[in-house]
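Note that the chains are named A, B, C and D in the order they appear, and that numbering of residues resets to 1 at the start of each chain.
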Amino acid sequence: MLRLENASKIYRVGTFGGKQLRAVSDVSFTVKDGEVVSLIGESGSGKSTIGKMILRLIGITGGKITFDDRDIATLRGGALKAYYRNVQGVFQDPFSSYNPIFKADRVFEIVRDHFFPGVEDREWDEKVRRSLESVGLNPRHVLDKYPHQLSGGQLQRFLIARALLLDIRFLVADEIISMLDASTRIDVLNLLADLKERGLAVLFITHDLSLGYYISEDAAILYRGCVVEFGRTEKIYDHPAHPYTRMLMASVPRLDQKWEDVEIELRAKQEDLSTGCVYYERCCDPHRSERCRERRPRLVEIEPGHSVACDRYSTDG
Amino acid sequence: MRRYFGRKLLIYLVTFFLAVTIDWLIPRLTPGDPIQNMLARAALNANAAETMYTYYTHAFRLDLPIWQQYLNFWNALFHGDLGISTYLFPTPVADVIKDAVPYDIFLLLPAILLSWWAGNKFGAFAARTKRLDNTALPIAYLLTATPYMWLGILLAWLFGIILGWFPIAGAYSYTMGTELSWTFVGSVLHHWFLPFASLFIIFFGGWAIGMRNMIIYELEADYSHYLEALGAPRKLIRKYAFRNAILPQITGLALQLGVIVAGALVTEVVFSYPGIGYLILAAIQNQDYFLVQGCFLFIIMGVLLANFLIDIAYVIVDPRTRKGMVGE
Amino acid sequence: MAEAKDKKKRNEFLYFAFRNNKLKVGISIVLFFLVLAAVGALFTKHDPEAFVGPLSDPPSSEFWFGTTVFGQDVFAQFVAGVRATFIVGALGGGLATLIGMLVGFVAGYRGGMVDESLNVLTNIVLVIPTFALLLIISAYFEVRGLILESVFIGLTSWPWAARAIRSQTLSLRSREFVDLARMSGMKPLRIIFTEIAPNMMSYLVMAFILQFGGAILIAATLDFIGLGPTTGFSLGIMMQYAVLWGALPLGTWWWFVPPGAAIAAIVGALYFMNVGLDELFNPKLRET
Amino acid sequence: MSLRVEDLTVYYQTLRGDVRALESTTFSIADGEIMGLAGESGCGKTTLANGLILLVPPMRHVGGRVLLDDRELPIADVEAMNRFRFKEISVIPQYAMNAMNPTRKVGRMAAELLRSRRIDPKRTLPELEKRLDLVELNRSVLKMYPIEMSGGMKQRMVMVLSTLMDPSLLLADEITSALDVSTQKAVAKMLVDFRDREIVKSIIVITHDMSILYQIADSILIMYAGQLAEKGPTETIIHSPRHPYTKLLITSLPKVGVKHDATRLTGIPGKPPLLLDPPEGCRFRERCPAAFERCRDVPPFVEIEPGHFVACWRETESNA
């Protein structure tokens, strides 16, 4: 359904675009129908940039993103609108996703004006009511309210209901629960899982490993714009291959076991590595060699459904 | 860092180029023909006017094609030749301006710098307590709202006419020539005070308001709360807040230059103080376009130069811009 | 219950508005002069130009503001002057704010090269001492009306508004609800005017108030040095005549004090309103 | 006994009346104890922290006392508290990333701060440099401006600054939330190291992230809507909590290894009450599955086992 082929994004930084910042470099992965893929990376890893590129909110500098084998960069006008009938996004800050001076359900009216001009009121209200209930919200409690009168969890589910109005096939969820309280987080996560049952594909972008594990079949670990590991979630969590993923697993605080004493290299600001492996500087793996500095390893499948980009496993080594 | 200044310099050069072009363009756009106006004033009989017209057109080289005139204008500019003033006939425009500029600098520099210093100190002081904020601040707002010339007139009337402490016209008393003696300097200062005071008071209000808003913003900043949490005395917190609040006031100084020029022009007219303002008005009243162009150019160069100096000062004083550019 | 909640938000705004005395003082002064400008003509007994009274007569019951050195009724001139001031303020300030909005919205929303070039333009007009420019332009125009003066002022004083609006648009553009609107297939222009602009009402009002006050000051200064409208009266022209015809040595203060005081009061009140609105819209400066 | 808080009550003054952010809280911390202070956003944990060190308007001290090493802290008197701030009680603020003056070199700011507290910076320089080594910060950092430092470096610098005077109690407010995972672990371990080296006697770690507390906290205090719900040793709170809210909170946290289709976790229905006019008695009443009419009165914060306190009628009744 959705495929990224060596997608890259380079930002012009500094006055008159002097320096270049490589936010995303040569990212490739696919999301099949009804599948949840989690994109896990720390702040600054470029995960939100990938989300925005898929949603056509920002341009793409290199590579291609295709939806049903059509390059989304070429979509204009009507074709772009049709694309948005199939692909929608929900963002991190629920309170910033609503225009504060209008009521919350204005987001439905905008969808109606642009996608369902012909529908009469009665049929539309019924459609809205059904999609609200499908996200576990009681229409009477949430309609005709200002955004500040609803909780974060309600607002996020409100946006998912908006996406469902368009019967979308693919949802980009960019850190949608990181600003919610622990108790309401789970409802939104369960909702995403239920929608997956009903055939909705989701790209779940997060920095929290445990959330990724909870709902996604496949996971992509992102570090400074590159996918360092990709594959079935259980496989990656049970035996992480890439040194960065291993360090993540060891460092993330868990509720069931104490931290192992894995040594961590605390680096000052790293400069931009355009060639070679991005994790070279912080890599404590004994296998690290000069070759890691020159050549950027490609994703290699080390076992069915589990591939990693590290020189240790590269076949032509 | 180099790129930052390069970009700034580029903007100033483009601005200068545009301003000069506008300055050259305006007389040509206006209805009527400058030579015609000039001759009409001279009230000559018909044929004398005819010959004079061809002579002057040729003298001012207005018979050449437009772009030719434009190029001549530029290379004349580079030779410092701003043409001849018709109002003060044979003296070239450049010399006329050269006489007026010292008075301008003597009036403006102290007025701006002193008011900037005093206004910022007062603004910081006013932000200290609610009571002060509600009494001192309205006064500052009223000051900035006061038209320059009105304050000038009031001061002239109060101190000049009623109390008679200060003269209200000219830069020094007519009885003496311009030689370097104590009495002359005394007289200059005596004449200088009222125009200086009226400019100082109004600028002062502007800086005070700017500082009050900025310092409240800095006192609310995270680093102020952190110092409070570590028990630092109010004095240190206020010192840091003032130091950070004064930085935007530096760029504020640059942005206000345009307005400051306006104030100076008018105040000079009220006190007939022989600076560029008084000169440009006289030139306009006598339709001496070359002098007007000369004055305008001079004002532009002054403002651009000041802006550039202030930009340099800002980068030196504020580490964030310096480090910011190098760091990321 | 929902309806009550919604009304509560709106009158909460009014509730604070009326407690903010800076705003109350500002509005009342401006209204006073506005009424004077609109209705004042009924109270004036004489035509501002006519020579009706004794020369340089101090204020009396007959001539509330006394007479000029030619025997004209100062109060009649004053009323005409205040009206001219409001016209220049509204037109000049309005035009400047409109251009500022246009430049600010386009630069803020489009970004990239468009933003860069508009920014350079704004900086240029900001750096050029526009007052000197106005001097020259008005000098070359023989016949000058109030409208022409307002247009000139509007054309040269828009950068302040443009800068404020651009920075506000930039911050609003990165908000997620704009992305959401884009994903609903909304056209950029419609996004600016239905999503971004309504959020900036407070900014637009404040920008207009500052431009209004600025236009009045510039106009009065221009009029004072004789480059204002060649027909009709304005407070600046009154002061020019007063100084020109020796009001100072003659001591006829009533000829030059009221016009200047009116300008200071109106512009001061406008700035006051602006501070009040600023406190209303961003609680950090709130008085409590 | 390092810290003793008795019936502390702090409200926020707003234009619409008082927000009752902290309601009569009583607890104590022993020397050398790292207590985690956890709860959802708006539960009052930051109000409690600020109440101890910087109780300034719009916060208002309504009642209760605070004793540090058996001396009462004048928390309501902003001036008198200065004597204790930085020397006896200190804080690593939530906004540590921009807590340092942007236009001052870090070393110079530290010197001016010390001098303003009548401490000779030269005498403390060797100790300061020793502490920089502890947090793996190069000494050249003192000549840097904050803008030149990464997030992790700034966090560790503020940590060193705040603990320079070996305060008895350190409040660490959300020190890990803005960091990425690896720096987070390093900073958390350094905090424990500071306690082990007796640089600080006891620490309150304020966070919403329970898994961090499981790693470094000796005990955890759970708060809900301005009231204390439960306090106890970390193992008990995480694995055998007694208060209904703590139970639901712990079970709603996804752990690595828990898959959706295997075990479906449940959230807590409803949302926390507005504290402008909070419900009577136990404020979790409306969302609590075990609520009954006794919950209308405020449940006392009772020690049901040594070191394990709970504020819930169900637990104290069955236990009595």
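Just so we're on the same page, contacts are C-beta pairs under 8 Å (C-beta built on N, C-alpha and C of every residue); 3 or more make two chains touch, one makes a residue touch a chain.
Since we're looking at a predicted model, the values are computed, not measured.
Colleague: Count the C-beta pairs in contact for B-D and for B-C, then report the pair with the higher count.
Modeller: Result: the pair with more contacts is B-C.
Colleague: Taking all protein C-alpha atoms shown, work out their mean, then name the chain whose own C-alpha mean is nearest to it.
Modeller: The chain sitting closest to the overall C-alpha centre is C.
Colleague: With chain centres taken as the means of their Cα atoms, state the distance from subunit B to subunit D in Å.
Modeller: 56
Colleague: Please work out the Cα centroid separation of subunit B and subunit C, and write it as a whole number of Å.
Modeller: 23
Colleague: Please work out the Cα centroid separation of subunit A and subunit C, and write it as a whole number of Å.
Modeller: 49
Colleague: Can you name the residues of subunit D that touch subunit B in the complex?
Modeller: Touching subunit B from subunit D are residues 53-54, 56, 81-87, 90-91, 93, 95, 98-104, 112-113, 116-117, 145, 147-148, 158, 161-162.
Colleague: Applying the document's contact rule, which stretches of subunit A touch subunit C when the two form their complex?
Modeller: Subunit A residues touching subunit C: 52, 55, 57, 80-81, 84, 88-89, 91-93, 96-103, 107, 110-111, 114-115, 144-146, 149, 159.
Colleague: Subunit A touches which residues of subunit D in the complex?
Modeller: 40-41, 136, 138, 150, 152-153, 180-186, 188-189, 208-212, 214-215, 238, 248-250, 252-261, 264-268, 271-272
Colleague: Please name which positions on subunit C make contact with subunit B in the complex.
Modeller: The touching residues are 120, 123-124, 126-133, 135-137, 139-142, 213, 217-218, 220-221, 224-227, 236, 239, 242-243, 248-249, 251, 253, 256-257, 259-261, 263-268, 270-272, 275, 284-285, 287.
Colleague: Within the complex, which stretch of subunit B touches subunit C?
Modeller: It comes out as residues 11-12, 14-15, 18-19, 22-23, 26-27, 29-32, 130, 137-138, 141-142, 144-151, 153-154, 156-157, 160-161, 168, 213, 216-217, 220, 255, 257-259, 261-262, 265-266, 269-270, 280-281, 284-285, 287, 292, 295-296, 299-300, 303-304, 307.
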